[in-house]
Each structure stands twice: as structure tokens, then as C-alpha cells.
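In the two complexes that follow, subunit A is the common piece, with subunit B as its partner first and subunit C second.
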Partner chain A sequence: MMQATKTIKKRKVKGDAGWGYTFIAVALVIFALFTAYPVASAFIISFQEYKPLGSTFIGFDNYVETLSDSLFWKSIRTTIVYTILTVPVALFLSFAVAILILPLKKWMQTTFKAVFYLPAVASGVALSVVWLWIFDPMPSGILNKLIGTVGADNQNWLGSSSTAMLSLVLMAWLSSHGTSIIIYLAALLGIDNSYYEAADLDGATFLQKLRYIVVPCLKPTTLFLLVTGVIGSFQVFQNAFLMTGGGPDNATTMVGLLIFNNAFKYFEFGKAAAQSLILALLIAGVALVQFKFLGKEVEY
Partner chain B sequence: MLFKNHASNSMTKYIRNGTITLLLLIFALATLFPIYFMIISSLGDPVEAGAMNYSLFPSKISFASYKFFFDYSAYSLRWLFNSLIVAGTVTVSNVFFASMAGYAFSKIQFKGRAFLFTLLLIAMMIPYQVTQVPLYILIVNIFHIQNTYSALILPGLVSVYNIFLAKQFMGSIPKEIIESAKMEGCNQFQIYWRIILPLSKTVLAVMAILTFMENWNTFFWPFLVTNTMDMQTIQVGLKNFRFANTTYFAPMMAGATISALPMFVLFFSLQKYFLEGVTVGAVKG
Partner chain C sequence: MKRNSRVLASVLALSLSVTTLAACSSNNNGNNSAPSGTSSAGTSEAKDTITALLPPVSPTYQDNFEQMAKDFNALYPNLTLKIEPASWEDMTQKLDTQVNAGSPPDIAFIGSEGISKYVQQGMVMDITDAATPEMIGDFDAAPLEYMKNGNGIYGFPAYMEAHALGGNKAFLEQAGIDYKDVQKNGWTYDQFREAIKKGVVKDGSKTSRYGFVFATAGVASKDYLNILVKNAGMPSPFTTDLKYAYTSNNYLEVLKDVRQLIDDGSMPKELSSVDAGKRWNMFLTGQTMITGKGLATFENSANKNNAKIEANDGSAVQGSIKAEYIVLPVPSFLGKDPVTTVAVDGYVTFRGKKEPTAEHKANVVKAAYYLASGKVAATTNNDLFVAHITKTGKEAAASMIVNRNPDNVAAVQVMLSHAAPARPDIPVELGAKAIKLEDEVIIPKLQALIAGEITPQAMYDAVKKAAISTFGEDGVVKE
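Moving on, here comes the complex of A and B:
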């Protein structure tokens, strides 16, 4: 009897394994073809001078060239500046807005969430078209009119190297906080009321509760948003490509755009592949550092 | 509560909530302004914008700029159709195959399961810049399917993120349900089809919506692999329209509105799933 059930069980497990492989088959083929193969291929291409009919192997030349290229380092610096200006500010704004939404009635919470999320629904191309006109350098341009009311001078927003980066940053501040607001709010609603009650008994003020309850409880959320934000920011391409084309004088050429230009403007596939792998390494490094320094007390 | 709601004096509470609402409204206005500006301006006349004055309030409502946008290319409508085909196919395929893989990874025992899943997770962290060049070479120089629907659709058929989403959700379905279905003589496909899918409706809806939105809005890949107007998606078409008509302000806004409007409609009718979709991937990352 025992043996009989054992064989049945065995057969079942065996049969199930077949189903398992069948169920992941399509996903696995797509993954192998369009992710795994390209990653492996990127390594090979990065050691080659790519030509459609037979590439030549050139060792580490692409890497050496990249690391001694001042434009590459400039693009890294630009990317870091952009990240520092956008990610922490966006996080702080989202945090503040989520705190402000919290005491409101349910329907108002939902309405504000929807409003702040709306720009994320519109396509990046559509938004870039709109922002291009907001940054119109003519005195009649929207933003120039706005700063004109406080007496500031007319600016050539996207066309001058001193304001082009600022313009992209401003655009990011106003169109990319929806997701983090919603995530922060969900985390805030998840904080147990008993913490606040205990704090109230001790006579804690609003700021003390914020400092000693909310900030520590939201640390995993902050870490998550910070890491994903930084990773996303290091790969940023579209806004620079559509709004400034990287200019003027490469003031807004971020790594993502530089790699794109090398690949599809100059068709230097080998160089682009090498640069993309350096970028991947850089991103992994930054993510690790963030986890190490900020993730110490975070439990998952 | 973080905020004191037992404040003895209801006046203070009203003032506090009023101030909060006011602050939020200001921020909301700044957030919504570009979208408002886009829609309002699209209703203007299709004239060249020399030293024109932008008006923040419409003096008249005209759809001539929309007509201008559609008249620009014989394929303007086709761009919308292409976007619909691509986003629709990719969405259906993801809902079906990603949920299937997610179920296998969460509930079926097979050799190499943990290894394969870890491989997928690692791949998710690789920036897309790494794959863009080899993927382009694969599609254009090896498969020779540049400028076809296959080129637009194939790489997106099953996304790792969606597999991950499905696996996370299905992992919480009690094992007993599956066991008892087995006792009743269901095979794994029947279990997947009749039990797992109906139980996972919410996560599948979230997945479908996010996938559709992402693929409707995507610009980079269609821009790379299409080279004739008839195969472009609406985002690529809009970009080309912009470059060809740099001074036509209102038609440009009309084009932008056309590209964004389907997502707005979808968002307002299925808001709950959109907002749920934001948090579902973030919880216990």
C-alpha cells in the first residue's frame, strides 16, 4: 500500500515537471532570444570593431578608448548631476505630498492620487512636445512670461548650456512624482496606529512623530524608491534626446544618450556595447553602495 | 493618527485641512498645467506661430488643428492603428504567457526552477542599453524583419517583470486548492485555466493595463526598427511630425493630445487598477 502511493506520488511529480517546462517554454524562448542572447552578444561585440560582414576582434580597444574619452566622463558627470538634482528632490516632494494627503477624506485622497499620477499616463513624446513650448525662448514663451512677472530676465531655456540641464530637471520634478506619492501613501497607511497612540501618551509633537515613527517605518520604502529612482535616472535617454538632443555643447548628453549616439548615429556598435557594459557595472555598483549604507536596518 | 484629530477645537481642524488642501491644489495645478496647456492649445487654429501669444483660456474651440495633423501624412490614422495592434498583441501575449510562467514558477515543482527564476531576476537588473545594440543587430541583420510588425512585437511578447508579478501573486494562492483539484483529476492546464486564472483576475488586470500603457507610450524601439511612415507607431509619428512642422504650434499640440488621449480615457475608466498597479510591484520588493 505504502509503496503504491509512493509510485503514484512519484509519477505525479514527474508528470508535473513536464507541465512546468511546458508552461515556461514560451517565456523561456523569448527570454533566451531577446534578452540572454543579446547580453552575451554585447560582451562579444564590445571586443570587436563591428562590421555587418565579419567583425574584427580588437581586444580591449573599445574599453580603453572609452575610458580615455573626455566626452564619456563628461556624460557620466552630467548623468550624476542630473540624478542628484532629480531623485532626492522628487523623493522629498513625494514624501511631503503623501504626508499632506494622509489626513484627507478617502475620496480626496483618491482624487489627488489620480491627479498626480496623470502625467505618468501621457506618453513621453507628447509631454516633450508640450514642454518644448513651455520652454519657448521667445519673451512670449510660457515660462519666460512667468519669470518675467517677478522681474527676471528672458532665458533661452533649452538653447543655453547654463539652463538646459535645469530645464530638464524642472520637467522631471513636475512629471515624475506620481508613482512615488502613491507608494509612499500606501506605506503611510500601513503604519500601525498603536505607534501614534503610544507617542500621543508621551505627549509627542507632530514633528517628533514624523521623526521617530514615520521616517523609520518608511525607510524600506524610501530605499526602494531611491534605488529604483537612481537606476532609472542613470539610464535616462528620452527627454534629453527629444528636448535638447544632448546639446548645447553636450551639456545634457547623458550616458544613455551618448551610447545611443555611438550606436545609431555613428554606428560604432563595439564602442556602444563597451560603454553600455561599463554603465551596467556602474549601476550595479551604485545600487550595492546604497543597499550597504542605507539598508543596514531594513528588514524585508 | 499622525495628525491629531481629537483636537478639542474643530476650528483648528478646518483651518489645518484647508491649508493642506490649498498646498496640494497648488502642486496639483503645477502638475496638471502641461496637460491642460496641451489640450487647450490643441483647440486653436492651425496657423504658424511667429511671435504669437499663448492664451491659457480658449477664446474659441476649433478642431482644424486636428484635421491638420491627420492631413499631414496619409498614414496618421495608421499610426494609431499600428500602436493599437502592437500594444494589444503584446498585452494579450503577456497576460497569457507571463501568467502561465508565473504559475509554473510559484506552484509546480521541476528541476532547475530556482536557477531559472534567479536568472530572470538578474536579467531584470541589466540596463536596456546593454541589449539595445545586439537586439537591433538580431532583428535587422540576422532575422531581416526590420520595419515589420514582428520586429515591433516579438521582443515584448513576455516580459520578465510580468512573470515576476504573476509569481508573487500566485504564490499566495493556498496549496490546498490545487491539491484538491488534482484529487478531482484535473491536469495542470485545467488547474491553471479554471482555478488559477479566475483567482488572479486583479493582478492580470493590473498587468494588462500596465503592459498596454507601456507599449502604447513606448518610443525608443519602434523608432529604431521602423523606417517607413506606414509602419510607425503614433509616438514615432508624432516625433516626426514635430520635426517637420516646428512652427505649427496648435497642430503639434493636437498630435500630442491624440497620442495621449486613449491613455487618459483608459486611466479614468480603470483608475483603480492603474493605482493598484503602482503599489503591487513595490510591496516587499
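Moving on, here comes the complex of A and C:
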């Protein structure tokens, strides 16, 4: 009897594992095809001078060339500046909006979530067209008209080194917070009401509740959004490509744009692959530092 | 029930995986079949399919694809011309992706300046031995040269278009500019500078009309300086002895002039953000007297907008005024002879990873020639208002009516008479280095110069330093 039960259990376990593998097959196949294979390919190509009719192995030349390229380092600096200026503000704005939406009725919450999420589903190209219109350099441009009302001079928003980066940052600040807002809202709804009730009994103010209940409880969410935000920001490409093309004087050439140019403009796929892998290492390093210093007090 | 659900879920999961793989697989098949000799037999009468990736070359070009394919098939019953349309925005990316996957179309419509990039990849097909003397003899010599690289011919040209300037006739007359004389005899930089000063109209402290606006942002970013320096003794980035030319002192002088026109107030200080669409809008709305770069088709575009304004059609450009488009040459600098920048676009022939068979190559050449000559070329070039460059195209166009200002036609002919010659002798590696230097140093620095952030001397020094680093001390012009 005992023997028979064991056999059934064993079969069941084996059977379950088989089903399990079947169910994750789709994800595995997609991961293998569209992530693992390209990464392995990029690694190999980074040691080659790539040509469709036959590539040549050139050792570490692409890495040496990349590391001695002043434009590569400038693009890294520009990307870091962009990240520092955009990610914390974007997190703060998302958090603030989520806090403002939280006390509303459910239908209003849903409406606001949809409104804030809308830019995430809109085409980036369409958004860029709108922003190009806003940043029109002539006096008839929307932003120029706006600053003209307070007597400020006409600005060449995207065409001047002093305002081009600011313009891209402004664009990042004012769009695409939908995902973060929804994640923050979900996390806020997960905080047990008893904490607020206890705080109310103690006479805590709104700001005290925010500081001692909300912020600590949202630490895992904030860390997640910070890490993914930094990763996304390091890979930013579209805004610079569509709005400034990296100019003026390479003031907005992000590393993602530089990699794109090397690959698809100059067909230097080997160099682009080497730069991509260096960027991946850099991102991994930054993420590790974030986890090490900010992840200490996070409890999941 | 539970078992049924599991089976159903597994089938769905497997279907998804298979679909993903099948999608990749069918893609590959489609690409591989295209370029590399699909002749089913070794005879020239065997059935064959030629693929072509074509953008909207003219406003009505893509509407005629079906007819073009039918007519080609009627001419060569064993051949099928399979045309894949692409937008201008997608064209380069689509083609580059196919080229790098090793499976490009047989024919693609691109600018001749792109040929060297594909020669370097080894993916273009030299048609020297497949093009018949009759085909070669049909083309004007100058544009055909642009389709060459080294000793090879990599397709047939569709047109050779002069990069000019365009003026508003009424504004030119108001400013007292004898534009007909300029069309015939050209003008110097000093004459041009004075002329565009007269075109400026102020409304209080604000400028309501500029003398000259040239698109310098976006895809037009490399045009401005390229067009100007050709008229300053530098018809190509390389001298005939293959030294990089933009380290010449003449280059510095042109940079000073670029800045001077903005400092005069004849051009907007926001010029670095003015793209091709914006400056055309400024021309049609009367915000500039002269615009650049000017293409022949702009006359057509201005005429159409004028007709809409006359008919009170709401689709006319908002705020636009009637503007008669006048073709003007680019001024010459430092006493040098004028040299017209030309765009030669055409049907470039590609090969796949496999060596194409002689039969397939001959068939591709037939298709490229069919597209670049005769009725197809005549219709397209008339639509674009550009000159015909084949004998068969000219014959076919003789019976077609084009509503063009004869003064403009004559002005273009004058400009084409001193068109910048093709430089198939420039090695592809050298050309590729020059393009990279232009993209990474010249254009960014020019944007900064136009925005008033650096001086002409600073830009010149940066270009010279980068050029020496790229081509070596002995690889650049020193004067």
C-alpha cells in the first residue's frame, strides 16, 4: 500500500514537472530567441569586423577603439547627467500624483490612471511631433509665446547647447509617468489601514504619516522603480534621435544614440556591439550599487 | 476536466512557440529568395522574379506600381517585377536591415552617395558586364558617372537634380533684385549678402520677413555647408590627389560668411532648429524672401498651393500667400567658379549572399533600365519637374505637358552645366571616414556655430584636428 502511494506521488511529481516545463516553454523560447541569442551574438560580433558576406576576427580592437573614443565618454557623461536629472524627479512626480489620486473615489482613480497612462500607449513619434511643436524655435512657438508673456527672450530650445538637454529633460518630466503611478498606487493600496488608524489615534499629521508610514512601506516599490528607471534612462534613445539628433555639438548624444549610429548609420556592428556590452556592464554595476546601498533596509 | 485544460493549455503554448519560429522562418525564406538568382533554368528565357524596393519618388509614383509591373511583364513575358513600396522615412532602415541580413532586394531606389557604403559591405552588384551598350548610351554621361564606384557601375540614375535656392518673385522684385540676371550669370557672396539684406522686413523690433532661410536641422543638416563649400573651390571633400579638402583656409572663410549672414540679421538666429518642413512653411507664409535648399519640385508645390489659395481651398498651407517660385543659383565664394551640388538618385542593383547567376543579373539590369528610362522616367521626372537624363525619357516626355516657368528651366540648365563632377575614384574606406567625420564633428560644430556658441575659427580648428587624426598630417590639404 505504502509502495503504491509512493509510486503515484512520484509519477505525479514527474508529471507536474513536465507540465510546468510545457507552460514556461513559450517564455523560454521567446527569451532564448530574442534575448539570449542576440546577447551571445553581440558578444561574438564585438570581436569582429562584421560584414554580411563574411566577418573578420579582430580581437579586442572594437573595445580599444571604443574606450579611446572621446565621443563615447562624452555620450556616457551626457547619459549620466540625463539620468540624474530625470529619474529622481520622475519618481517624485509619480509618487506625488499617486498620493493625490489615492483618496479619490474608485471611478475617479481609474479615470486619472487612464489619463496618466495614455502617453505610455501613444506612439513616441507622435509625442515627439507634439513636443517639436511646443519647442518651435520661432517667436510663434508655444513655449516661446509662453515665456514671452513674462518678458523673456525667444529661446532656440533644441538648437542651443544651453537649452537642448533641458528641453529633453522637461519632456521626460512631463510625460510617461503612467506605469510608475499605477505601480505606486497598487503599493499604496497594499498598506494596511491599521497603520493610519494608529497614527490618527496618536494625532499624526499628514506629513508625519507620509514620512513614517508611507515612505518606509513603499521602499521596495521605490527601489524597483529607481532601478528600472535608471536602466531605462541609460538606454534612452528615442527622444534624442527624434528631437535633436544628438546635437547641437553632441550636447544630447546619449550612448544609445551613439550605438544606433555606429550600427545602422556606419554599419560598424562590431563597434556597436562592443559599446552595447560596455553599456550593459555599466548598467549592471549601477544596479548593483543601488541594491547594495538602497536595498539594505528593504524588506519584501 | 482538469486534464482537458492542461492539454488545451499545452496545445496553445506549443502553437505560440511554433508561430514564433514559423514567423522567423518565413521571414528568412522571403528574404533569401529575393536577390540571389531565382532563375529556374540556365536560359535567358527562363522565368525569373526581380524584386524592387521603391519609395514615393514623385507624388504619383507609387500609384503606378501595378501598371509598371504589368508593362514590364508585357515587355519581358518570362519576367516578373515585384515591387515593394516603402516610405522615405522607412526606406533606409528597411534597406539596411535587408542588406545586413544578407538578403536585399534586387533593386532599390537610393541616392548615389549611398553606393559606397554598400560597396564596402560587398552587397551591391556591379552591372558593367550585364548592361548593354544601348542601355549605357541612353544615359547622359554626367549622371551615369555618379552610379560608379571604382571601376564598377552599380545601377542606373533616375535623375540629376540641382541643389539650388528658391526665391519669392514678388519679394525679389520689391527688393530690386534682378533675378533673371542672377539666373543667367550667377552671383558672388558679397552680391548675395547685400541682396538678402534688402529682403529683410522689420515689424518694430521683430523681423517679420528674413532675407534667407536655409534648413539646417534634421535630415537637412549636412546640406547647407556642403552646398556652400562646393562654390569655394572645394567641389568634393577630397582633392584629385585624395587629400581631405576641408582643412583649407577657404573652408574657414566660408564658415565666417555663414556666421556673418546671421549676424547681419538676414537669417534667423534660431536657424539651427529650422528643419526642411519649417523653412518651406516660412517660404509659403511669406516669412522669407529666399529659401534653401531649393529643389525643382518646389515650384510644383508652390503652384499647387497658389491654386488652392485662389480656389479658397481650406487645404492650402495655413497663413500662406501666393508665391511664384524662382530658381536661383548658390553664390560663389572667394572668386572661385560656381559649382552646382547635384543629387543623383537612381536604381541601385544589389546582390545577396549567393553569387547571382548571369541570367538573373541580366534580368535585374533589364528591370533597372526599364525603371530608369523611357515612359517611366519621363512620367516620374515630369512629376518632379526635373530634367530628363535619358534619350528615351526625353522622347517619351516630348508629348507630355509640364506647366513650368521657362526661366526656371533655363536657370537649372545653366546650373547643371557646371555640376560637381562624380568622384568614383575616392576609395570607399576614405569616403566612409569622411562621412563619419562629417557626422561626428562637422555637423555638431556647425550647429554650434549657427547657434552662436562657437566661433568660425573654433569650428575650423576642431575640423582640422579631427581630419588630421583621421587622415594623418599628409592626408589633408595645407594652405
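One rule holds in what follows: the second predicted complex is superposed on the first by the 265 of 300 C-alpha atoms of A that agree within 3 Å, B and C clash if a C-alpha of one lies under 4 Å from a C-alpha of the other, contacts with A are read in each partner's own complex, and residues count from 1 in each chain.
The rule we apply is simple: a contact is a pair of C-beta atoms (placed from the backbone, for glycine too) under 8 Å apart; a residue touches a chain by one contact, two chains touch by 3 or more.
None of the values given here were measured: they were computed from a predicted structure.
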item: Partner chain in contact with A:T56 - subunit B first, subunit C second, else both or neither; value: neither
item: Contacts of A:P137 with subunit B and subunit C, given as first, second, both or neither; value: second
item: Subunit B versus subunit C as contact partner of A:S160, first or second or both or neither; value: second
item: Most subunit A residues touched (candidates subunit B, subunit C); value: B
item: First, second, both or neither for A:K265, with subunit B first and subunit C second; value: second
item: Which of subunit B and subunit C A:Q208 touches, first, second, both or neither; value: neither
item: Subunit B versus subunit C as contact partner of A:F116, first or second or both or neither; value: first
item: Touching partner for A:L277 - first (subunit B), second (subunit C), both, neither; value: first
item: Which of subunit B and subunit C A:F23 touches, first, second, both or neither; value: both
item: Subunit B/subunit C common contact set on subunit A; value: 19, 23, 26, 30, 33, 52, 138, 264, 269
item: Interface residues, subunit B side, partner subunit A - complex; value: 1-5, 16-17, 20-21, 23-24, 27-28, 30-35, 37-38, 41, 51-54, 97-98, 100-101, 103-105, 108-111, 113, 116, 119-120, 123, 125-138, 141, 154-155, 157-158, 160, 163, 182, 187-189, 192, 213, 216-217, 219-220, 224, 235, 238-239, 242, 249, 252-253, 255-257, 259-260, 263-264, 266-268, 271, 274-275, 278-279, 282-285
item: Contact footprint of subunit B on subunit A as seen in their complex; value: 12-13, 16-17, 19-21, 23-24, 26-28, 30-31, 33-39, 41-42, 45, 50, 52, 93, 97, 99-104, 108, 110, 112-119, 121-127, 129-134, 138, 140-142, 174-175, 177-179, 182-183, 186, 188, 191, 193, 196, 200, 206, 209-210, 213-214, 221, 224, 231, 234-235, 237-238, 242, 255-256, 259-260, 263-264, 269, 272-273, 275-277, 279-280, 283-284, 287, 300
item: Interfacial residue positions of subunit C with respect to subunit A in the complex; value: 6, 9-10, 13-14, 16-17, 20-21, 24, 93, 96, 99-102, 117, 120-123, 206, 217-218, 221, 268-274, 278, 353, 432, 435-436, 439-440, 443-445, 447-448, 450-451, 453-454
item: Subunit C contact footprint on subunit A (complex, rising order); value: 19, 22-23, 25-26, 29-30, 33, 51-53, 71, 135-139, 154, 156-162, 245-250, 253, 261, 264-267, 269
